[in-house]
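Heads up, the next two complexes both have chain A, just with different partners, chain B and then chain C.
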Partner chain A sequence: MATTDADLGSPGDLDEGEREAVEHLLYRLADDEFVLAERYTEWQVRAPTLESDLSLSNIAQDELGHARLWYDLLEDFGYSESDLVWERPPGEWRHATLSEVPFAEGDWADAVLRSYLYDVAEGIRLSALEESSYARIRDRVPKIRGEEGFHRDHAEGWLERLATDSGGLDRLQSALDRLFPHALALFAPTDPEIEDRIDDLGLRTASLSEMRGEWRSEVEPFLSELGLTVPDADRHTPHGRGGDHTGDWDDLHDDFTHTYRELGRTEARRIMVDPDEAES
Partner chain B sequence: MDVETVTERAGPREFSPKDDMPEEYRKAATRMIQFHANSEIMGAYLERPFIRQAPSLDRKLAFSAKVQDEIGHGQLLYRAAESLGIKTREEMLRELEEGKGKFLNCFHYPMDSYVETPMIAFFVDGAAMRRQATLKSTSWEPYAHAMDKVCFEEGFHVKHGEDILRELMTGSRKEQEMTQEAFDEWWPRIIQFFGPTDEQSTHHGFAAEVGLKQMSNDQLRNAFLNAYIPKARKYGLEIPDYPRIEKRDDGTYEVREDDLDWDEFFKIAKNDYEPGVGQIDGRKAAQDAVEWVRDVLDDYEQTARGQPAAAD
Partner chain C sequence: MIWEVFRQEEAGDYHTHCGNVHAPDREMALLFAEIQHGRRKPTHSLWVAPKDEIGEVDEETANFGGTTDKSYRWAMTYQNIDAAAEEVADSEAEQAEADRRRRGD
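On to the complex of A and B.
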């Protein structure tokens, strides 16, 4: 794949094709984080112990914070939070289905395994953005990376503990069989032509298939070591990246936009400092 | 130490696990702290749907953080209660699941709409803050110590609630009307938060004598009304006609007790009020569903003892 040393400059410097590629990339990043956080918060007040409740709450808030950082870069192009989150039709969201599928009640094995599958992919994806040709993206990577390391340690620690128990191992295997096709969806293209452009412009320094290969070579030995069998499965259809989702997504979307619609809101209230001001 | 000595020495942060406290004191303190811890958990349970249903990203983050804080307060308070040697945390959480653990009246009511959230986050938390601030000088040192952190964070929660109230009351006419309706519904419950005026509380006398409680329910309610009636009006809320509240010449308030539904209040106090029962059972079902994880953890810790394996 072609990478380029050219720096694309600031948001106003992008031509139409460049901007489209940047937007696709940002939607992938932001939507994954937002929707997964939405699912994680389901564990608040429902986790196995008070301690695990606090930890998963932290992780959910970190992911929400990352979503906020990526959406903020889409706001560079004139979109408001309402356009990006509250009024965007469900069929225009680009997260992978791994983020949206619900947790069965009490299925903590799903929660920690999903977190592991996602966090490894997230780490690989962030590495590929460290040298992005678009400075706005590049500059936000270090802060996010720091937090993802903790998430991964947390997930691995839990997996190791659950896998020592035969019942726990069975639950992990059943979660893996279900989640693996959704995890492969993380590496699906939003639009194959635009994904090529993302690579050609150097927005990302590894292609989707390269990242998928790296991810598999990392998660498969780890999961096997735990005593799990990695399924020989294809990517889930629909995968989510193109805007097509599972039925669970419509329900989730309906639920999180409920108040905004009930109150007839037209804008989303900001109470926190803008990420750009917080950095300076 | 006998009860007489405890009563003589009673003062802020006077007693700690180093002291040999009489059982009567340890039981009274456990009852108080356990009630407080349970209330944190059940308050969090009530608010959790609004993490999802908050109408902005920042609000969503704030709700998630608030619910997390409440769980953290529960954790701290159960620890403070455990330090009295009467019950373990597991026993207290088990009692909460079985409907034996008591908690604040306001958390027995359902909360269905976002416009209700400031009723808890501003008014109920504001009322709770009054009580909690006095508990920084309770005589059981671990409880007072926990209150330092709890009060600090509750300050943020009340600001969060106040900001939501301000936003709703400066929003569309529809938002204002919905908020007023929610206020009409919640106001009597908030007044009842402090209990009946002429309460013949079997617990208050002793708890006050040994320095666990610092102010009576009446004093606390009065301080709350003094501060919050003007605040409610400032945001454009009308104080409902009932219960009738009259201002005395000395500036204190008299609430007409007969205007409040005490049958409901005492039903709640016994954990017999229907929405509250559903909330207790709902939490129990969620906890039963993850029982298997706690079992795995217990086994893991027994076999891997000696290794640092914090279950977080």
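On to the complex of A and C.
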């Protein structure tokens, strides 16, 4: 565990620079989870079998739960759910483009490959948060990790089986060519100076480039083993972390905030207890 | 391929049939079973078995339980028979007495 000397204390103890770093880190984490879950739900009642439909719905539900745990830590700084989700302008979201790009029409290979690329990265970044200098973050890591094992098993199980068929392998390859640059965007900085501060403060124990290296060394051999060629590609531009997104993001954002706007809401009704109360 | 799913709530309980899943093999069947039957209810263990491997005999071909009164097979039938209980108690007492004598008390 992090030594108590380096510990940043509770939300009220942070100075302005520390708070900015914590916020950037939390937006990275929460937005990735929330937006990917939004995309996953498009498969509901459309997945190839009942079983795969239920599996992906469950995964989406898990990711929404994780997003909620991270947004809750942003609420420590006085933001409401409406500020964070329903009324935040699309240009202020900091998820990587991997979460936002639409699935190719009916392409299940895209769904399972994307889940694999994302969940490996999520596992790595959760490891780097286990000894975070900010207790509010590190205390929530084990709860999230508990659900990630099943996501990996599900994605790998499908990939291994799709790859045994030449048609399946072709679809996986075209999905990989399309998604890989977006997956690299997971390791892009929101703001290079602030990402350095995140590392210097010990909020995260591995830098973005270290995590990217670890991710590549894990996914590349696995994908090659399946018979896929990992593309020699650069990170997608825009990458999303700085608030700049693809055109598809505006449509998705418009979609999930539609009902809130149509009903003229100014606040979100809470139907679940606060995660802090649920834990105690 | 259809796999039948059996769920055990707590260690020591029976695994009880709770539904089925479509899956290409045992590994995926277990994964799907976990999602559909192990995530919402308290679960200690799950079994999956290929539907084709399960043997079945039904009431059309078998005469389950026969047609005559077999209530004498039920332990509950003997619950309220005092005479029998007395006989057992007497018999136990006689045996204890005989045992004491043999040991020369």
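Keep this in mind: the second predicted complex is superposed on the first by the 275 of 280 C-alpha atoms of A that agree within 3 Å, B and C clash if a C-alpha of one lies under 4 Å from a C-alpha of the other, contacts with A are read in each partner's own complex, and residues count from 1 in each chain.
Heads up, the rule we're going with is that contacts are C-beta pairs under 8 Å (C-beta built on N, C-alpha and C of every residue); 3 or more make two chains touch, one makes a residue touch a chain.
Given the structure is predicted, the values throughout are model-derived calculations rather than measurements.
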| item | value |
| --- | --- |
| Partner, of chain C and chain B, that touches more residues belonging to chain A | B |
| Chain B versus chain C as contact partner of A:Leu50, first or second or both or neither | both |
| First (chain B), second (chain C), both or neither touched by A:Phe150 | second |
| Touched partner set for A:Asn58, first chain B, second chain C, both or neither | both |
| Touched partner set for A:Thr237, first chain B, second chain C, both or neither | neither |
| Chain B versus chain C as contact partner of A:Ser209, first or second or both or neither | neither |
| Chain B versus chain C as contact partner of A:Thr41, first or second or both or neither | first |
| Contacts of A:Tyr260 with chain B and chain C, given as first, second, both or neither | first |
| Touching partner for A:Arg161 - first (chain B), second (chain C), both, neither | both |
| Touching partner for A:Tyr71 - first (chain B), second (chain C), both, neither | first |
| Touching both chain B and chain C, residues of chain A | 49-51, 54-55, 58, 154, 161 |
| Touching residues on chain C, where the partner in the complex is chain A | 21-24, 27-28, 31-32, 34-36, 39 |
| In the complex with chain C, residue positions of chain A that touch it | 49-51, 54-55, 58, 150, 153-154, 157, 161 |
| Complex contact set, residues of chain B against chain A | 41, 44-45, 48, 50-62, 64-65, 67-68, 71-72, 74-75, 78, 113-115, 163, 167, 171-172, 174-175, 178, 283, 285-290, 292-297, 299-300, 303-304, 309-312 |
| Chain A residues touching chain B - in the complex, by the definition given at the top | 38, 41-42, 44-55, 57-58, 60-61, 64-65, 67-68, 71, 81, 85-86, 105-106, 108, 154, 161-162, 164-165, 167-168, 171, 255-256, 258-260, 262-265, 268-272 |
